[in-house]
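Order of writing sets the chain letters: A, B, C and D. Residues in each chain are counted from 1.
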Amino acid sequence: MNFISDNAYGASPEILAAMTGAAAGTAISYGDDELTARLTAKLCELFEREVAVFPVVTGTAANSLILSALCPPYGAVVCHAKSHIAVDECGAPEFFTGGAKLALVNAPDGKLVPGQIDEALTHFWGGVHAMKPSVVSITQATEMGAVYRPEEVAALAERTHARGMTLHMDGARFANALATLKCTPAQITWKAGVDALSFGATKNGAVMAEAAIFFDPAKAGDFGRRRKRGGHLVSKMRFISAQLLAYLENGLWLANAARANATAARLAEGLAKVPGVTLAHPAEANAVFAWMPASLAKTLHDAGARFYDWETAPDGRVMARLVCSFATPETDVAKFLGVAAGR
Amino acid sequence: MNFISDNAYGASPEILAAMTGAAAGTAISYGDDELTARLTAKLCELFEREVAVFPVVTGTAANSLILSALCPPYGAVVCHAKSHIAVDECGAPEFFTGGAKLALVNAPDGKLVPGQIDEALTHFWGGVHAMKPSVVSITQATEMGAVYRPEEVAALAERTHARGMTLHMDGARFANALATLKCTPAQITWKAGVDALSFGATKNGAVMAEAAIFFDPAKAGDFGRRRKRGGHLVSKMRFISAQLLAYLENGLWLANAARANATAARLAEGLAKVPGVTLAHPAEANAVFAWMPASLAKTLHDAGARFYDWETAPDGRVMARLVCSFATPETDVAKFLGVAAGR
Amino acid sequence: MNFISDNAYGASPEILAAMTGAAAGTAISYGDDELTARLTAKLCELFEREVAVFPVVTGTAANSLILSALCPPYGAVVCHAKSHIAVDECGAPEFFTGGAKLALVNAPDGKLVPGQIDEALTHFWGGVHAMKPSVVSITQATEMGAVYRPEEVAALAERTHARGMTLHMDGARFANALATLKCTPAQITWKAGVDALSFGATKNGAVMAEAAIFFDPAKAGDFGRRRKRGGHLVSKMRFISAQLLAYLENGLWLANAARANATAARLAEGLAKVPGVTLAHPAEANAVFAWMPASLAKTLHDAGARFYDWETAPDGRVMARLVCSFATPETDVAKFLGVAAGR
Amino acid sequence: MNFISDNAYGASPEILAAMTGAAAGTAISYGDDELTARLTAKLCELFEREVAVFPVVTGTAANSLILSALCPPYGAVVCHAKSHIAVDECGAPEFFTGGAKLALVNAPDGKLVPGQIDEALTHFWGGVHAMKPSVVSITQATEMGAVYRPEEVAALAERTHARGMTLHMDGARFANALATLKCTPAQITWKAGVDALSFGATKNGAVMAEAAIFFDPAKAGDFGRRRKRGGHLVSKMRFISAQLLAYLENGLWLANAARANATAARLAEGLAKVPGVTLAHPAEANAVFAWMPASLAKTLHDAGARFYDWETAPDGRVMARLVCSFATPETDVAKFLGVAAGR
């Protein structure tokens, strides 16, 4: 019963097979190989436009490198106070940008609304004493398991662009969001005003594969040099590109995500029926956040369930974070709900 | 006939199999998994002492992160003017250290000698106007295909430590050096005074796997946070550790390196016999540097040989860099030498 | 009627005379001169212990350089959300530290309380994903014109040190605080647990002179190199030291501060009597924050008063920030209060 | 007999008087005052075009901030191996740029020639592995006391611009160069292709005053924010601007420089006649570099002369660096030459 994170699971067999297949023969290193060219073509097709694609191995790298391309060292990035870039990357955005500041806002379910952009920038009076508002960064699906709708993204983008800033989407769980939205990748990104996307695959079945994507390739600037100086230009890049190709081909990415989402939905549905348990956020992707008595959380842990006690309420209740992956066994959900229901 | 780089080749089947094998079940992410623990134990055994081990995916990451742990932002790193950290990493050492300076020296075959440490620091007058001499970084095997002997490393280490600096070894081709030296890993590293090692595997048969190793774990400082903020803490780290374990187990690493070295030796031996061709550096590892008439270089390129024209002499001759890998076919060497000999 | 800032006024004649006097003859540059030695001795005497002293020309430099000495690039600094380092230095703390993060808290009158340190660090879960809690920075007098008492600083220091962090005091208006407290400089700093102090003089009568002071000289580390690489090692440093000596000798600093505080007290007292006006913060130093009808603020501006409309309440009222300096004419206060009272 | 540096002397009385005069009344802080506006107008007039002007207090700040505006963190700056930015600023250029690399060349008398730009960039192969060649930085007068002619600067500028780079001039001793050249400030800067100038005054009679000047204001980018985050935006900026105005008005700057140059010329002329002494560089500005027997250097030191033994030759001879300032007494030169001549 492992619900601790979607990265606790291994990788899809198709992706492992693609890596093994990519090993044959010689290839040009550092990304000038055929597989990487095919990947770029595939992503252009998927997003219905020319995009600039830079494969890397971690989401932190994708996020931070994109931010460094969009935000000067004296710039500010508006984001959620509990976003991954704010609390889980040990200052990678500050490091890669050369000292930018994250201007934090809180928002229900991790979803920013346009007014919060201005709110976050209240103390950025303008002039040289304040940092330059440069980027708004949102997470899709959010760290609380919610999903932005295209019109919500568009409203944020409008406000972002009106202030002369650019919009970044951290898509560590982009496939999970898309599986829920059932729109096209273009609709939820550049057609809604997103300028750059951290396209995640690791959490959804890849070994280690992410891509930094710029919808206007000119905005990528000298991304290639930034990636290299960050130590993120993998020499045998075909092995990342092979993963992403296998991930995208035959719909594996959406199938994996749909499976994870469905598992989470079952878990959420079951938990909501347990007396004393309430969902803290809508379970729109593959994560479930549930308030429960501390005693129940303990019972579940004792029964072997692995998950984070994410927060503790003043009244002692615990908010459990339960993440489902592409490979979480259905039987684990049933067993977990059984324990929760006291059966 | 691909001699362009050892990273042009794929990966050893044993390593690919280990990655596939590592995918089963769940594991704790971010390096707290069993495979990573086994890897650390394996490296402690190999180096005959407790070492701190940090797996990453690129040599640039290993080098730069180690330098950032050993050198303050106002420090200086003495290294060869053509070392990888100086010319091939797009400023990663400067980026990760927060602005350190590389103090460059030239040295035959890429091998520094102790007197050059002082020479490189001539203009570091002391006091606050000059940066603080902090690290000496050497490459084993060197970028010119030569190999440091234990006594040579020891002499450098003695001078380095006498100046209050620490000694880093970029071991992107550590296995190739060891296969030549036939000494123990301990003898050529910490027993000779090396403080930290970038232990490379990618060029010698891995998919993407390197390890930053500190022989005195206390010197690693907050390396874990540095790695995370650099975006180099891979969530599914078991997939790097699995590569390194397969690389080390059953002697694969030394077998691969010995094979590459033997291929390079045959190539060097054959080339040395070609009229008008002279070796620029001793071919002690898996790289051959040969001066040849430009016409011969062109003939070889035209015949399909892939290699770099590394330098051009004032008299027009070309220095070809020819790198052999664990998987370079013997027939390629024979064919290449045939073309070179005008057969 | 200039209440816009204490730096709108020039400089005390004594300080200008001291600069002119310092120009005679030759001196060793970069701080090894006699005046700088005398300054250090004077500050050791003043603080009743050996201190490390580093003169610089701006408060931003003093703050940021101190933070860079106390906080690693992957560290976090707890401070008030409206502190100078957070909102008025265009990211200097992030720049000098190499990417540290400011963890912001709100607190009445700009005065942190111990519990807020823990609150600010809620999301710093420990482990490598979060930045390392390193420094707590407080401002004395605060940006809202309030003053910490020794026992308040001591309580903060205790909590700070208990978490393994160090305590920095931004003393841009240190003299103003001291003039109110009537305690010794030692009592409000190191005896209360402060580790480092930005000792300001510019706002209180100097031309441009501040000093970074470490109460434990060992904590200064390589501050000299940090100051030099920041471009803050002034070659003719005697001209900064001369200012600070004149500032400290004959009690000029406290006399200037007492005068500014008294002016502010009169202003606050007078404003408090104006119908519709309420003080937003206690006027304990040389700044007055007063809520007033927007119409009154406009009347005052129209009458030639210069001050900031610091905030606007939802009901339209304006919070005026009125800062008095060592040289603010008494007649300006009278005139201002006259306009405010509708006379 | 103080020839140790031109910053060992105090300041011109006119400049001190101007500072005292600037203290009256109130002024807008942070550079929006009248004196700063007048300074900008004065410099536009002097350079015969619109220029962007940013006063700061140190040459290191001017140099580093300019480099940070012209060179990305992944860029390279070509400069002399013994230039101030390379050996005397403790890595300030690396710090302010966020990690740029200085590509060093040697050149007689500290004067670069166009071919050396290409030479310095030999290992910058292009592509993402090498840093981006971005700036050429020259020093006028050079650190060896020589002076670039307009046609020499123009030739460098042509090559610099042809490679898509920009040309920076470190003018710490700009007035000394100009006093020798007898051309206009425009002719030796932007008319010859210089893009940005560190305009020095401190070494030539100011207390602490330099200006970063961009001949194309657009190239300054967000310099204002860079200056602020560097802690170099002095609040009472009128006190820097007053110095620079007094420096420029009535020709004080050129008079001071001419006096220093003439003193150095006398010193050079006298030394050249001393048996066993030879000039190491042409004494074209206010510094004299003279090879002499170590015994003579010792005799001079023993007689109370203060100067640096800059280098030591293999044969034991010492290169003395002797710097004259605007205020060096003529009698000191006579006395020094007397000791040197054994009188």
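To be clear about the criterion, contacts are C-beta pairs under 8 Å (C-beta built on N, C-alpha and C of every residue); 3 or more make two chains touch, one makes a residue touch a chain.
Since the structure is predicted, the reported quantities are computational estimates derived from the model, not experimental observations.
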Quiz item: Out of B-C and A-C, which chain pair has the most contact pairs?
Solution: A-C
Practice problem: Please name the chain that ends up farthest from chain B once chain centres are defined by their CA atoms averaged. | Solution: C
Self-check item: Where chain A and chain C are represented by their mean Cα positions, the distance between them in whole Å
Solution: 41
Quiz item: So, what's the distance in Å between the C-alpha centres of chain B and chain A?
Solution: 34
Quiz item: Where the centres are mean C-alpha positions, what is the separation of chain B from chain C, in Å?
Solution: 50
Practice problem: Would you pick out the residues of chain A that each touch at least 2 other chains? | Solution: 73-74, 89-91, 94-95, 98-99, 128-129, 131, 225, 228-229, 233
Self-check item: List of chain D residues in touch with chain A within their complex
Solution: 30, 72-74, 98-99, 128-129, 131-132, 222, 224-229, 233
Practice problem: In the complex, go through chain B and note every residue touching chain D. | Solution: 73-74, 81-82, 86-91, 94-95, 98-102, 104, 123-125, 128-131
Quiz prompt | In the complex, chain A residues that touch chain B | solution = 2, 5, 7-11, 13, 16, 19-20, 22-29, 56-62, 64-65, 89-92, 94-96, 202-203, 207-208, 225, 228-236, 239-240
